[in-house]
Amino acid sequence: MSKRDLISINDLTNDEIEQVFAVADEFAADMRGFGSLCRAHIMATLFYEPSTRTRLSFESAMHRLGGNVITVANMRDSSSSKGESLADTVRVVGGNYADVLVIRHPAAGAARVAASFADVPVINAGDGGHEHPTQTLCDLYTLKKQKGHLEGLDVVLCGDLKYSRTVHSLAYALARFSANIICIPAPSFEMPDYVLEKLAGEFRCEPERFQGGEFDALVEQADAFYITPNRPHQLSLFTDAAESRAQKRRLIKNIDAVYMTRAQSERFGSCEEAAAYPRVNEAVLSSPGFQDAIVMHPLPRRDEIAYELDRDPRSMYFQQAQLGVPIRMALISVLLGQRPLKRPAAPRARVVVPGLGHLRCGNEACITRTEQGGYLPSEFEVVSRLPFRLRCAYCETVRPATFVGDRSRMKVFPAESNDVMAIAGTEITAFEDVAAYEAEGYELERTT
Amino acid sequence: MSKRDLISINDLTNDEIEQVFAVADEFAADMRGFGSLCRAHIMATLFYEPSTRTRLSFESAMHRLGGNVITVANMRDSSSSKGESLADTVRVVGGNYADVLVIRHPAAGAARVAASFADVPVINAGDGGHEHPTQTLCDLYTLKKQKGHLEGLDVVLCGDLKYSRTVHSLAYALARFSANIICIPAPSFEMPDYVLEKLAGEFRCEPERFQGGEFDALVEQADAFYITPNRPHQLSLFTDAAESRAQKRRLIKNIDAVYMTRAQSERFGSCEEAAAYPRVNEAVLSSPGFQDAIVMHPLPRRDEIAYELDRDPRSMYFQQAQLGVPIRMALISVLLGQRPLKRPAAPRARVVVPGLGHLRCGNEACITRTEQGGYLPSEFEVVSRLPFRLRCAYCETVRPATFVGDRSRMKVFPAESNDVMAIAGTEITAFEDVAAYEAEGYELERTT
Amino acid sequence: MSKRDLISINDLTNDEIEQVFAVADEFAADMRGFGSLCRAHIMATLFYEPSTRTRLSFESAMHRLGGNVITVANMRDSSSSKGESLADTVRVVGGNYADVLVIRHPAAGAARVAASFADVPVINAGDGGHEHPTQTLCDLYTLKKQKGHLEGLDVVLCGDLKYSRTVHSLAYALARFSANIICIPAPSFEMPDYVLEKLAGEFRCEPERFQGGEFDALVEQADAFYITPNRPHQLSLFTDAAESRAQKRRLIKNIDAVYMTRAQSERFGSCEEAAAYPRVNEAVLSSPGFQDAIVMHPLPRRDEIAYELDRDPRSMYFQQAQLGVPIRMALISVLLGQRPLKRPAAPRARVVVPGLGHLRCGNEACITRTEQGGYLPSEFEVVSRLPFRLRCAYCETVRPATFVGDRSRMKVFPAESNDVMAIAGTEITAFEDVAAYEAEGYELERTT
């Protein structure tokens, strides 16, 4: 049997997520009752950048299961400074040292690299701007516990929607559970286009932008997005934006949750931006539609949630952090085989395009670009043929190419050419420019 | 049942201290025999400034009780640098993460803040210049073990008596057990007036200063203080300082212990001050009155205790550190309810004056002044009416006020006025200056 | 019974090393089966310089034995910065805090100091340029597992042979097991003369230098050394270097192992030196004589072992790191008395010359020179009389003296004088210069 890792929330099916929640329920009901479950197992927490909360939550979870923990709280102080590759580190630590690895790394895609080299399960505790799937599990679990179900919730995502990997992962996960998502960004912190595209393309959502309006209590002149499951419904009858919004708004009668994210002061371009950052307080929660809204936050917060809300029963941010422990207990015991998944999904098929080592990922913070030693080739999957799009197999950033080649015929075509559709999936390759395909001996095909 | 914390040594009554010692005796007799007592419990050590000895002592204690430990050895490297408030951190960690918190913090009063926000017991492992109560417990326990009792001991406190919170806490505790204390400070490191005042005011001690004399072996021209229990005794018959000293000296025939503190080189204003720092060596211990004196030190030492004393049977500083483990085991098992106190004292009544948020604590290192986010109001207790004195509810620093108000009548009086005595305790308030009371709509009452 | 420490690989006899391996075999066969063996014991890891791999390996080992761990991952952040001596730290931590200490320190000889002050067993996890004996155990254990025996192996040591304490310790250990050692240094990284002298003098080896030749695959123009057990054999028949080499080479038909060491980039004087650093790759392993050579490395590696070898079955560097866990489990359980040695060797007799406190160790990185506080006297053993050589009792660096004295007669002789042979072993002393012996009242004896 092959090992399971958790690198992306998409490594778990919806059914598997619900199974993890069922295990977490079992643990949460008796936090001191499972102290033998993972006895004689060791978890290594390797943090290439420090994070108190996440690290302590994992370590607490492992202790509550009776397991042991070995920790590097800050790998920058350690042998990685002697120039060791990530691959070597995880091959050493993921041997006799430890039975499961928890890794945090500033480079996007680092956890995927760790998983592919380690012999033991790897859990991604945050890899740069890519994912933080246990946070997402914890967010979903909080919603499940509070709302009783995950299907079709109405959730406001608010604040920094640009840099927060937490909010991106949550948006994808909510989309999988057919949620209606309303994005209320702080000015200059809008949800990036690639996230909206991914929501539309991969998760069959319908994002629609509206200027100003209903959410002025949260932030003035909000540049809001409604993201709704893309299914035949009455919205298709309307073409006028105001009518469409009104209609959508009617669908979303009661907000189930407001998910705030932290204002990172170093991101603010000006004091005006800082002042314009949305804030949740009692006034917001008194607005129409917010009566049943729970308030969530991945923490740490600054002032985007008023301290006055700490005693409000709808405030769930501390509860959310608490639930991280049973969730991580559940995940660890699943991956260590102590609570095996029923009907586990086949591992996600990764159709990596061979021979693309000469193309670089477009994301400068991708592990394939930050990692030294030359051992880690670029790897891409083809996301779509027209337009031609490649996705980095590690950080999942999507990039175009200029020429697409057919390896069996040593021919290339302009990426926008219809001929691209005809290349066999196993023979496809791609190039940045003329020099690149010529260097490999390819010729341009001047058809169509 | 409400949780118990240990923030100040005064959170425990003398009887409770003796109960903790009895539990520590039980553990010390079989250091490997209690490895199941706190099984399935987790202690979090949150150190906002590093301290190897204290942290390792707590962690060793928890392990010897069979419990687990999660650690942040240096919070400066962690999410607190993301601007998280102390209150938020302890609410998260003191939930499912951990069952008891041990906190070290550079700001005075920080541990009290942690205790008031966390749902689990909090142990103060040193909060700035305020307290370090487990060190004090350990000091008292060493004295008890070596001398057989705590009542009426004769103890020399020596060295840096100005900045050492350890020595202040110990002085208060010794006073509670009716000790005779002789203070032999290094030049420029005298015991601060507020400590002497507190010893006199709250602990009914009688401090008396003498210049030069008996303790030249320790430090030349010692500016010594004798602090004796304030009870009717023959001293009152003498008015002449020399006679009084001689009499007191006669009462203190044999020094039970010399408690040295560390010279912090960065505190020295000059090389002369460094050279004049008192030092204990074989010669001192051969002086009259010192034959039975044990030598104590909170460690780390520098050269204030000569290495030649390490083999002297009266040297107790390493023993003192060793006893820290059973003491902390006892404390942890008491707070976790595994060795509940008999006849536990009612929690110390804290009569906090409402509406004093506009007054600031006078101690710049107080947590109410260093903590960001505006969630932590100033809180004060009234120590005395004439002179009017407020004590910060967190760092316990005492401060005056200029005007005292009556909230029921919206009137203020000069703080030194006799009218202050007549204000009902629940209605009292205070102001720094005219602008402050006027801003709140109070008027000056021109009586008396 | 006195405690056992592991400071140098020479603290264990060959028979004891084999016993440790037998215990390690027992553990390696069932890595999760010994979780009760060291229950209720605590290991403290005190790292005065960080080292992820070594620390995690020790901590994993202790956890797999059911013991607990307290850790200082970086003592520079801790109370040692308050100026505490190493002796005081280990006396505190090696009391009730912990039952065994693991120490890493930048100063040579530091672990020996720790062992002499702590009441509990001390394990050296690397002390400056001195030793790293658990790495050596792990290296030998890997050779034993792969080759079936340790006696008479043919081992190539390659790369930085100058600064690597790992390689020096391994060379001594291999010599004890009658190995043939071939040294292939990187240019400017030759094995130091004192190591060659020690191999010849203490381990009865015969080092012989050859320029260029057989090992050009590894490094061009290798300045190789053959180090062979010094026993009557056919080599003595040859006097010509080429013949001798050919003969030796014939003896060493098949290389059993290539032990590579890391290129520390900061050591390179020039880019040429970096480029000339030896590298092992598939081509090297295809050369004659290397078919059965396993590839070893203490890790972390940089590019001195090509990533292409990672899948070669002869690559043992990750396996080597894995074996560190059962080896350290074995060592810990031996030192804690859970797997006591049979026929334990008497502790190595250390004949320390008294009264040499005025001589300083010649090694500036020796703990006797870096440690503050004046509590740690220089101590030396006499290695040889003619030439007169003293060895530092801590870092084991050998130094000469100018004058040798007879304490019974208060006379000194020039160190090269034959009279030195006649001084009684208990009366011998030594001096740096005339002023030194005159200061002590000695007179020069002008005989012979």
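First chain written, first letter: the chains are A, B and C, and each begins at residue 1.
Here is the rule we use: contacts are C-beta pairs under 8 Å (C-beta built on N, C-alpha and C of every residue); 3 or more make two chains touch, one makes a residue touch a chain.
Given the structure is predicted, the values throughout are model-derived calculations rather than measurements.
**Student:** Rounded to the nearest 5 degrees, what angle rotates subunit A onto subunit B on CA?
**Tutor:** 120
**Student:** Copies subunit B, subunit C: same or different interface, half of numbers shared as the threshold?
**Tutor:** different
**Student:** As a quick test, compute the distance in whole Å between the mean CA positions of subunit B and subunit C.
**Tutor:** 48
**Student:** Could you tell me which residues belong to subunit C and also touch two or more other chains?
**Tutor:** Where subunit C meets two or more other chains at a single residue, that happens at 71, 73.
**Student:** Residues of subunit B touching subunit A in their complex?
**Tutor:** For this pair, the touching residues of subunit B are 39-42, 44, 68, 70-73, 75, 77-80, 82-84, 88-89, 91-93, 95-98, 373-375.
**Student:** Under the touch definition given earlier, write down the residues of subunit C that touch subunit A in their complex.
**Tutor:** Residue positions touching the partner: 31-32, 35, 50-53, 56-57, 59-60, 63-64, 71, 73-74, 262, 265, 299-303, 307, 318, 321-326.
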